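Common to both upcoming complexes is chain A, partnered first by chain B, then by chain C.
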Partner chain A sequence: MKKTATIWLFIGLAGALLLPWYAQDSGFWTFEWLFGGFGSAEAGSALTLALFHGKWWLFPAVLFIGLSGLGLAAIKKHQMLARTLIIVPALGLFTIVVQGFVIGRIGPNYFVEFLSANGAADGQIGMGAGALVVLASLLFMLTSGISGSGKGRGDAFIVGLIGLIVALVAVFVFFPVSQILVEAFKTSEGELSLGGFFARIFSPRIWSLACVVSDSRCGPAWNSLFLAIMTGAGTTLLGLAFALIATRTNFRAKKLLRVLTIIPIITPPFVIGLALILLFGRAGTVTELLNEFFDVPKTRWLYGFWGIYLAQLLSFTPIAFLVLIGVVEGVSPSMEEASQTLNADRWQTFRWVSFPLMRPGLANAFLLGFIESIADFGNPLVLGGNYNVLSTDIYFAIVGAVADSGKAATLAIVLLSLTLGAFVVQRFWVGKKSYATVTGKGDSGQHASLNPVLRTVCYATAIPWAAFTAVVYSMIIFGSFVKLWGYDHSFTLEHYLRAFSISFTNGIRWTGVAWDSYFTTLTISTIAAPLTALVGLATAYLLVRQKFWGKGAFEFSTMLSFAIPGTVIGISYILAFNVPPIELTGTGIILIIVFVFRNMPVGVRGGIAAMSQLDKSLDEASITLGANSFTTVRRVIVPLMGPAILAALTYSFVRAITSVSAVIFLVSAKHNMATSFIVGRVENGEFGIAIAYSAVLIVTMLTAILLLQLVIGRRRLRREDRVQMHGKIKINPAGT
Partner chain B sequence: MGHAMETPMQRGSVRFENVVKRFGEVVALKSLTLEIRPGELVTLLGPSGCGKTTTLRLIAGLEAPSAGRILIGGEDVTHLTATYRNVSMVFQSYALFPHMSVLENVSYGLRANSVAKAEAAEKALEGLDMVGLEGFGDRLPSELSGGQQQRVAVARAVVLEPEVLLLDEPLSNLDAKLRRHVREEIRQIQQKLGLTAVYVTHDQEEAMAVSDRIIVMKNAEIAQQGTPSDLYNAPNSEFIADFIGDANVLDCDVVEVKDNVAEVVLAGQKLKVPTTHAEKFNAVLIVRPQNVRMVPASNKTGLKGNVSYSAYLGNQMQYTVQTKVGPMFIIDNTMGEVFPVGKDVRLHFAEDKLALVPS
Partner chain C sequence: MKHSLKLGIAVLGLFVAAPQVAFTQELNLVCSAEQDWCDFMVNLFEEETGADVAMVRKSSGEALAQVRAEASNPKIDVWWGGTGDPHLVAAEEGLTQASGVDISELQDWAQNMATISDGKTIGIYAGALGIAYNSELLAEKGLEAPKCWADLADPSYVGEIQVANPNSSGTAYTELATFVQLFGEDEAFARLKAIGENVNQYTKSGSAPSKAAGRGETTISIGFMHDMVKLASSGFPLEIVAPCEGTGYEVGGMSIIEGARNFDMAVKWVEFALRPDIQSRSVEVKSFQVPSNKNASVAPESPDLASIKLIDYDFATYGSSETRGRLLARWDDEVGPN
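Right, the complex of A and B next:
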């Protein structure tokens, strides 16, 4: 305890005495603050600002670090020191957070008169490096105090890790979401009001059912809900058909089925919508053909419910397939064989044994489709027409003629309630009823094959659907190479050139319009992916391997951000991080953070699955051999978790490239992302360039996935080489 | 208690003081107090779920007690985690790190304790020699047989020269013949290095064979502890008598207790049985199968019986005899007269080898 705390004490001292407390306009890494000196008003440290610039409220930062230092130096009794290291840093954290919220950018937010009279009238800007370091130091002194107090089993590393993740989730998930609530409670005058809140949440503008009885439109809440239920049901049925074909028939092209499931994951969000427009829009190929040969009038049917529905089915069926193939495979063949030996025929076996066993899995797939659909932003944006849904309405409330953050916040709360509702249902109702039929025992039986009727039904739905998906994707390639879809189908490279041209006069110049956002996207995804994997797997490690107080709540809160739709996250980040104490909007950092916390749940799930398969006695063996938790993680767990790490990396990288809903609120002129650039093209009707860009992104992601597999896959190969060698060569132990 | 009990203890001793362990509602240990002396091999024996593994994990520091104190080498380690206790453990599943070679596995603990690489490798090789695995250092665990993996796990634990070596059912994955061989090896290593060892097993024969002392547990408590012969010859309860070796448990009347001898009436027969009780008490009589001698029915004395089953096992005869006090299992390894099924017999007891336990 003492060693860890002392290290953090010195780091904290440096933060409080030397580093600039506030964020620097020129950025920290330019080191311009070094030249302004830590005595200046802009680049001052907590100590100098408090002493020479009248910012007395920064004193606690110095004070509590100092007190912890005194404690470390003076207190000899272990228990007493531990208690001191809990109380003093906790008080420090508390006071620093409080001053951050009390004194805002343009002056005090609370106790206005008193503080204005006492030097805080000018307010303060967002926290910077100094504040970050001081807070981290206090946090880790606190956790080392907790671990030293002997409560719980964790050593300093474990308690520190728990503290860190709790703090991160609190700051980057709970705090922003709570800001939405605050915003929704505010009246237009900025006062908090409960009555106004309920009036807005239950306003007929959101909940109107007018479309049932008349021609007027329904509220976006019902629209979203209806769409989500339809999509959940549709994707589940299609997914089941595919899953049954993949596991229960001798279908030849099963490999192809698997490929078909990966493609949508690496497809940028508008691509399917665009392809549908190219096929079924007013100038679409199919529309033209039908018009020409059958005199079907050209209509705008695609823009509305049916368009979104079709696009969502195409986008989310693969997810349902992935879930359901596990479920269908999980039904133990021996159970089906048992049923058959009891003289049940194939149909009875399916109806009485296999299907009931799959039912919880089906419910899971349905809820996943439900959540994905209700959170979906890209498809409704492109195809929505007059069919308003919550996720896009939130966006238009912010970017519309008058930015109305109150309305956006209200819509966000409605959306959040719907997804959280589904999430809670899934956890507490379905979660309890799952029958684990996959055991450690090798099951060598054969799955019962499908009965002919069912097989025909499966083929009849799945094969046309697969063909349709293939057509949609070939449209994308085709569309990027023609001049103007629907009007001028002559071959051109124009779109690619406009987006990605390079000029070689005067050295290399990236003249294409897309390069900027392309490089930003790659940089940010490359930084975000390992961080996501790290946070996700660290959380998984804590959940699977450690016991600590409040673990259930901890697990729930880390999974929460999965149920929060991207648009909600986006708007909450604007509300929370646009003003001190944490000002991040307009930076690249906020993009990285949003990716990390949005994609973390997948890392957590993957990590949990992988870690549950590692026998716990491996960790325990390492610990009893005298290794601490950190060494155990580094030398035993990480090396054995290769595939899970690969999956987490790949997934978070791909998600960072393809996600749009949260990002679209957070990009800035300086940090534009590929997807928001594409949104801009789509809104201008420049489909060609949008599609060309999407195609390039797909190729980029495929390349990255292959590279990752090569790099991480290599290590395992080497081990196998060695295994083979030793079979033949006699080893001389003295030589080792 | 206070300080009077805290006589300085030597390296390798283990002491539990009123240790309680609860898992939520489940009480895995009810106030356990025990003492293990340095250099001793103690076996924890008992039916499934009685708290053996829990006790072991508490010594290792993998679980924290809900109440009570744990001392190792005289030092209070109650709040010390496993990393900082000088204890190592051999797991039932071996828990060899599959991505490390045998040598890396064995030197892992040394490296974790900051021993220089060369020195760690040297010690690890010595460890491998000791368990008879010289030359296997570069293999992966998956390239070894079960018994070899077992020995690597032992080597990995003992090269650290721990104060206490813990073994949780270390032989349960091996076949009967290998079990016997490896358990002798473990015992030899333990005695050679003078290690304190705590050994968990289900198998009472294994426990008798390797232990200096056996602690029998039942329902989260200690039922009895002592040397193997203590437990066998002077069980303190019907449970122990039945658990350690075979026993006939017979109802009887205690007439009088005087000078550590109890006068007992068994179906009219008077017997003098040694006891530690000072006064008369309700008891059952424990009769080991080889402490009964069968004589022909022509004898005037002895309990009357009729042979209902007999089996020839080469070095001994086994009988079941029906008597007034119920069926009795009897072993005759004198290989004298053979009594066929249906024959009337009389039974004579070796009275000084009988035991009385409270009923």
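Right, the complex of A and C next:
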């Protein structure tokens, strides 16, 4: 405890005495603040600002770091020191946060008269490097104090990790989301009212069940719920079929199947919807053919529930597949062998052994499908017809002809409650059983193959689906090479040239209109992906391996940002981070942060599913041999988590590239993203260039994924990648 | 122990960075017109002034939501383009400020925008509301071409008409307000209800119905004529109708944000965007709106506002939040899909 705290003390001292407290206009990494001197009003540290520039409210930053230092130097008794390190840094954090909110950009927000008279009339700008370092130092001194007092088994790494993630989630999820949810309780005059909130949230416009008994339509809450359940179930089943084929059969084109299942996940929004319209819309290719040959009337069936459902199945099956493949692979062959030795046939083995062991995977896949569907924005927008769902209603409550943030917030609360419900049900179904199957004990390494009926069922669902995906994508590629998709099908390269032309006169000049947003998108996603995986898997590790107070609430809070529709996140980020103490709007950082905290839940879910399978005895063996928890994570758990890490990295990378609703409000002139560019083109009816751009993005992401797969590789479980052949292990029935 | 340190430092390092520099020659622009037009204008302006324009395109609803959210610390200087209603709302809420530029060369409808908003919003273009139909599909179904608003209530068009939902789309709200001004409130709702019997979908976005008609997903659409002209000129079989009873129109707005950091540059942009030579060039990027400067040339394809029977659209009344709220509530009760 003492060593960790001392190191953080010195870091904190440096932050309070030397680094500029406020954000620097020229950027921190230009180091211009070094030359301006830390005594100046712009680049001053907390100490110099407090002493020479009248910013006395920054003094606590120095004071509490100093007090912690005194404590560390003077107090010898362990328990005393631990208690001091809890109380002093906690007070420091509290005062720094309070001053940040009390003194705003244009002057004090509270205690206006007193503070204006005492030097705070001009306000202050957003916090910078110094503030960040001081806050981190106080936080980690606090956690080392907590661990020193015996909590968390005295493991400083674990307590520090918990503290860090709690702090990050609080700042980047709870704080912004609370900003917008408060709106639900405000009346149109801006006063808080509980009655108005209840009137709104139970309004029949949201909850109408009219469609069950008559022709009229149901409320968006039921629509969303029904769609989400159907999508969750559908994607889980399809994902399972793909995962079983990939691991339990000798299907020849496994590689191809894998690629086909990955492509939808890397498709920018709107593209699948557009392709479906061109295939199945009233004037679509398939519709025309059916009409010509079978006299099927041309209808608009695609616009509504079935269209969204189809598009969501196409889009989200890969997520279920990614979660399930790790789990299906991980089910221990020795269990299956044991079952067969006990005379079970292959169906019984699957039904009573393999399948129950896949439960955490299935539950997580369903939950992800459910949440993805309920928060999906692009597909309902294009294909929704008159089938209203919550996510689009929220968007139009914010940007529509009557902007009603109260209504948007209310709908967001309904949506969140649905997610919470699904989360609770999932927990209930998985229960408290053990699903550990990767145990470190030897086994033959061969998975039992599927029984013939099941195999046929898997083939019959997965292969037509894969073929369908292939058709949809050929349509998209085709669309990028024709003049006017749907009307003038003469070949052209014009779309690609407009977006991605390069001129070689006077050196290389990127003259295409898409290059700017392309480079920004790649940079931001490349930074965001490893961060997302890191935060996500660290959280998963805490949830699966550690016991601490408030774990359930902690788990739910990490899922929160994923369940909230992007539009709400986008607006709440502007509300929260446009003004001091944290000023981020207009930067690339806000995009990185929104991606990290929005996509973190996928890392968490995938990590939990994979880690539930690793037997705890592996950790215990490592700890018994004298390794600490960090070494155990690094040397034992991480190597066994290959697929989960790969999934988290891949997913966060592509989500950062393809997400649209969250970034619409956060992109700025200097940091424009590919999707917002594409949406602009789609709105403008220029499908050609939008699809050409999408095709380039797809190729980019595919390359990145293949590279990642090469680098990370597959985990070696001492199991060969093969499936036990029928009849290879013959168990004679008793008596023969 | 020291590992928690490494972890902390790694996370720290990534969050330490800083906001941008504010050069004097900088302008932050949010553009709610079509992407091509936005790019085109920015290039022209940068060439002429040497300023560094940072532009982002957002729909007018999104732009208004952002301007509102950023009110206490605005990052945008000018908001150019997009239908006038959100600009008027921003002016009403004090989110924008007057630029004080000379507007005497502008058409009356453009000056009117400035008058009702105390100079905070200036009209830059106008576009009339109209009907479009897919000529191929109409012939295939053997239907008559509509000529008037009244024709749209004809039962033969059942399931063939598409129009946006006025709750989400400014285009559709303009249609609703036009009906009320043409026929009086009670009759307007009766007519909208009758047309509603033929509507196959109330779309979210105002330009979606005409795109659907172009692609043959619906036969008839209601929307702004300049959008339809653009679709027709890119090759879709759309015919455009100016309804015989008369029709309403939108005026595109331009506003300087209250508290803009580059106010002088913003004023330069406003003056630039109102110049006849600049407005005349919009046709180069296939924008067929009618320019607001009297001396700017109008593209031959643009709907000729002189030959269309335009109503005297009352932007002050129908742009106010109160009227809007009342009309939309009534639309939800009597016309909208439930």
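For this structure, a couple of remarks:
Simple rule for what comes next: the second predicted complex is superposed on the first by the 434 of 736 C-alpha atoms of A that agree within 3 Å, B and C clash if a C-alpha of one lies under 4 Å from a C-alpha of the other, contacts with A are read in each partner's own complex, and residues count from 1 in each chain.
As a convention for this text, a contact is a pair of C-beta atoms (placed from the backbone, for glycine too) under 8 Å apart; a residue touches a chain by one contact, two chains touch by 3 or more.
Bear in mind that the values here come from a model prediction, so they are computed numbers and not experimental data.
In the overlay built on the shared chain, the residue A:T624 is in contact with chain B alone; chain C does not reach it.
Contact with chain B, but none with chain C, is seen for A:P639 once the two complexes are overlaid on the shared chain. Legend: residue contacts after superposition of the two complexes on their common chain; A:G145 is shown touching neither chain B nor chain C.
In the superposed model, A:D615 lies in contact with chain B only, and not with chain C. More chain A residues lie in contact with C than with the other chain of the pair chain B and chain C. Using the contact criterion defined above for the overlaid structures, shared-chain residue A:P108 touches neither chain B nor chain C, since it reaches no partner. By the touch criterion defined above, A:V133 reaches chain C but does not reach chain B.
Judged by the document's definition of touching, chain A residues 628 lie at the interface with chain B and also at the interface with chain C. Touching chain B in their complex are the following residues of chain A: 150, 153-155, 615, 617-618, 620-629, 631, 635-636, 639-640, 719, 722-723, 726-727, 730-734, 736.
By the touch criterion given at the top, residues 1-5, 7-8, 11-12, 14-22, 28-30, 34-36, 39, 53-59, 61-62, 64-66, 68-70, 72-73, 75, 85, 89, 137, 159, 166-170, 172-173, 200-202, 204-205, 207, 211, 214-218, 230-231, 234-236, 321, 324-325, 328, 337-338 of chain C touch chain A in their complex. Note for the complex: chain B touches chain A at residues 60-64, 79, 81-85, 87-89, 91-93, 95-99, 103, 108-109, 112-113, 121, 125, 128, 134-140, 142-143, 156-157, 160, 166.
Residues of chain A that touch chain C in their complex: 3-4, 7-8, 23-29, 104-106, 126, 128-129, 132-133, 136, 140, 143-144, 156-157, 160-161, 164, 168, 208, 210, 216-217, 277, 281-283, 300, 303, 381, 384-386, 392, 396, 398-403, 483-484, 486-488, 513, 527, 531, 571, 574-575, 578-579, 583-587, 589, 592-593, 628, 630, 664-665, 667-670, 672, 676-677, 680-681, 683-686.
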